[in-house]
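Next up: the structures, one after another.
Two complexes, one shared chain (chain A), two partners (chain B, chain C).
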Partner chain A sequence: MPAGTTYTTIESQTLASTASTVTFSSIPSTYTDLRLVCSFNSSAYAVGGLQFNGVTSGYSATLVYAPSSTRVTGQGKIPFQQGYGPITEASAFQICTVDIFSYKSTSVNKAVQWQTGNPTTTGYPGNEWGCGLFPSTAAITSVTIDSGGTNIFQSGSTFSLYGIAAA
Partner chain B sequence: MSPIVSTLAGASARGYGGLGASVASAAVGAYESIATVTVGASTAASIAFTSIPSTYQHLQIRGILRGTPTYPDGEYGFVRINGDASSIYSATYQGGNGTVAFSGAFGGTTSSWVISQIGTTNGDLANTFGGNIWDFLDYKDTNKNRTMRGWLANGRQTTGTAGLAAGSYRSTSAITSIEVLPGGGSGWLQYSTLALYGIKG
Partner chain C sequence: MPNTFVKLATVTVGSGGASTIDLTSIPSGYTDLCLKLSTRTTRAATEDGAILTFNGVGAGYRENRFWADSSSVSAYTSTTIEAQYSNAASSAANNFASLEMYIANYASTTQYKSLNYASAYQNSTTPMYTVYLCGIWSNTAAINQITLDPVHGDFVQYSTATLYGIKKH
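After this line comes the complex of A and B, so read on.
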C-alpha cells in the first residue's frame, strides 16, 4: 500500500545579486534522501562543488565527461570540474542536479551523485556526471554550493532543495 | 527474505517537480513512496518488491547498496522482473572509474537485467555504499516492452565508479515485482536500502 506523496520542497533560493556560495542550513531530518536542483549563470570558469556541515576536507569523487574520467581524493569539497558558465551568455543558464542518499543516517557515509550540463557555445561547454563520497556518518544538516571563486554565481540563479521520504 | 526488514510508513509532501521544475509546478503530489526494504544485521540474498500496484505511470527505485565480494570496480547486480529468468533481457551502459571512460552492452541472453558497479564491497571503506536511481518507464503498459534506465555509482573512497545504463525486458507484461540480486558473493550487507516510488502520469 502506498504511503503517500513525497518529493517536498524544503527551500528555494533565487539570487538577487552575485554570490560566492549558496547554503541551505537547518535541513530537517524528516526525509530519506535530498535532491538539489540548480540553474545558474556564472561570471567565469571555476571548479565549483559541494560541502556538507561546514566540513572542508576529506571528500572524494569520480567524474565522467566523455571521453574521460577523473578521480580525486582528499578534496575540500566534492568538485564539479566540467565548467561553470556560460561566461559570456547572460541569458543562458547551466543546470545541475544532485542526489544525496540517506543524508540523516548515522550508520552510513554519505553517497552523492550529480549531473551537470553547461550549454555555452563559448568557454567550457560540456556535460558531466559523477559520484562523490562525504566520509562521515554524521547526519547532514547543511549543504553549501561553492561557486569556486568570488561572486561567480550571477543574479537570477536558482537553487532548490527537495526532500524525498521513503515509506 | 527473513533478514530483510520491510517498513511502510506515512510520508507527507507536496509534489514531484523533476529536473528544472519550478517550485510553483510542484504543488500537486505525483510522486509517492510505495515501499522500502532495508537489510538488517544478516546479509540479504536479494532485495525484492512484490505486489507492486498498477496505479502509477512510472516507477523509480532509489537507494544505497553494499555487497560482499572484492571486485576491483565494486559490486554489480541483476534486476529480475516478475520472477522471469528467461533470456529476454539486455542492457547498455557507459561510465567512468576515475581512470578511463567505458561503455558496453549485454545481449539478450541474460536471465535478468545486468547492471554494473551498483554497490561498494566489503573491501571498501567501512559504512560506504553505492547510490542508485533506476526508472522503470510505462511499467504497466501492455503495448510496450519494458524499458529501464539506471543512474548508478558506488562512490568508493579510492576507486569510485559512476555510470548510466539503459535496459530492456522484452515482455509486454505489466511489472508486478522487481528483485535486485547481487552479482557475486553472498548478498547485500546491513544498511543496504532500496525504496520504491510511484510516479503518476
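After this line comes the complex of A and C, so read on.
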C-alpha cells in the first residue's frame, strides 16, 4: 500500500496565544477513521475532553489510570480525567493520541480510544488510557478539544487531525 | 497527495541475535515519530523488557506505565523508559511481543520529548499482558538515535523495529 494514500493530514493548528478550545470543522467524509494528535502545554489542572458536532451531552467512557479505573455516563464530553497539568515547565508538552473509528458512518455510534498523561520531570508522568462512546449515528463533521477551563491551552500547543483511509 | 506516514528505517535481527537494536541517523524532516516493535529475547524466562534511550543519553527519563492480565492491573513509575514486555525464551515458541510508540515533536530543540505506547506480551499458552505507558525525556536535543537494550537477554532472530516519520502538511 503506498505511503501517504492512507494517512493524510486534514488540518493542523498551532496556537499563537492561549485558548480554551480548539475546533476542527468541516471534516471531509473522505476517510475511514480519524486520528487526532494533541501536543500541548497547559496552565491549570482541568478535565478536558472531546465533543463532536457541537453536541454537549450523552457521552460515556471507561478510563484506566492504573491501578484505578472508572466508568462515567451522561457526560458533556468524552472526558480526559487524567487532567491537563498544570505543566510548570515551559519545555514540557503533554501528548494525547486519539483514534476515532468509523467517523462518517450514519449507521453506528462513534467509538473513541485515547492515551494521554500529563508530563512532569520532577515527579512522574500521568498515564491514562480510555475508550469512549458518542451515541450518535450522525457522521462526525466537527471535533472540539475542550481544555476544561478558560485559556488553559498555552501558545505553541499543536493539534493535528489526520484521516486514515482503508485501501 | 503528500506523504504523511513514511517508513524511515527497519531493523531485523539476524540469525546471530543482537544485544541491542539501534536506529541511527534519524532525519529531522518530520513532525512526530511512530516506532513499531516485534521482539523476543534469549532470557530464560517468559518475558523480558528493553530499556529505551535517545541519542545515547542515559539520563532525564520519567515513565508511568500500567499493565493488565486476565485478573489484575498494576502500575509502576521509573526514571527509565522500558519497552515492556518482550517475549522471552520460556514463552511459547514463535510468539513475539508487539509495541507501538508515538513520539511527539522529536526534532524540536526547545521542547522536552513526550511519548506514549501500547504493547502486548503475546503467549498462546498463558494469558497475555497489555501495557500502556506515558513518558518524557527532559532534553531539548532533537532525537537522532533510538536504542533498545534488553534488560536481561539479547534480541533473537526475527525481532524487528520499524520507525515511521509522520509529517503534517
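By our rule, the second predicted complex is superposed on the first by the 157 of 167 C-alpha atoms of A that agree within 3 Å, B and C clash if a C-alpha of one lies under 4 Å from a C-alpha of the other, contacts with A are read in each partner's own complex, and residues count from 1 in each chain.
Criterion: a residue touches a chain if its C-beta (ideal position, glycine included) is under 8 Å from a C-beta of that chain, and two chains touch if they have at least 3 such contacts.
What you see is a predicted model, and the numbers here were worked out from it, not measured in a lab.
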{"item": "Fit-or-clash call for chain B and chain C when the two complexes are aligned on chain A", "value": "clash"}
{"item": "Chain B versus chain C as contact partner of A:Q13, first or second or both or neither", "value": "neither"}
{"item": "First (chain B), second (chain C), both or neither touched by A:S142", "value": "neither"}
{"item": "Touching partner for A:T121 - first (chain B), second (chain C), both, neither", "value": "second"}
{"item": "Which partner reaches more residues of chain A (counting touched residues only), chain B or chain C", "value": "B"}
{"item": "Partner chain(s) touched by A:T21 [first = chain B, second = chain C, both, neither]", "value": "neither"}
{"item": "Which superposed partner A:S160 touches (first chain B, second chain C, both, neither)", "value": "both"}
{"item": "Touching partner for A:N151 - first (chain B), second (chain C), both, neither", "value": "neither"}
{"item": "Touching partner for A:P67 - first (chain B), second (chain C), both, neither", "value": "both"}
{"item": "Touching partner for A:N53 - first (chain B), second (chain C), both, neither", "value": "neither"}
{"item": "Which superposed partner A:E89 touches (first chain B, second chain C, both, neither)", "value": "second"}
{"item": "Stretch of chain C, among 3-11, 39-47 or 75-83, that runs into chain B once the two complexes are superposed", "value": "3-11"}
{"item": "Chain B and chain C footprints on chain A, overlapping residues", "value": "3-9, 12, 37, 39, 64, 66-67, 69, 95, 97, 115, 129, 160, 162"}
{"item": "Sites on chain A touched by chain B in the complex", "value": "1-9, 12, 32-33, 37, 39, 60-64, 66-71, 73, 95, 97, 99, 101-102, 105, 107-109, 111-113, 115, 129-133, 135, 137, 160, 162-167"}
{"item": "Residues of chain A touching chain C in the complex", "value": "3-9, 12, 37, 39, 64-67, 69, 89, 91-95, 97, 115-117, 119-121, 123-129, 158, 160, 162"}
{"item": "Complex interface listing, chain B residues touching chain A", "value": "7-17, 19-21, 23, 26, 29-36, 53, 55, 62-64, 94-101, 125, 127-131, 133, 151, 153-164, 191, 193, 195, 197-198"}
{"item": "Touching residues on chain C, where the partner in the complex is chain A", "value": "1-7, 31-32, 60, 62-68, 73-75, 77-78, 102, 104-105, 110-112, 114-116, 118, 132-136, 138, 140, 166-169"}
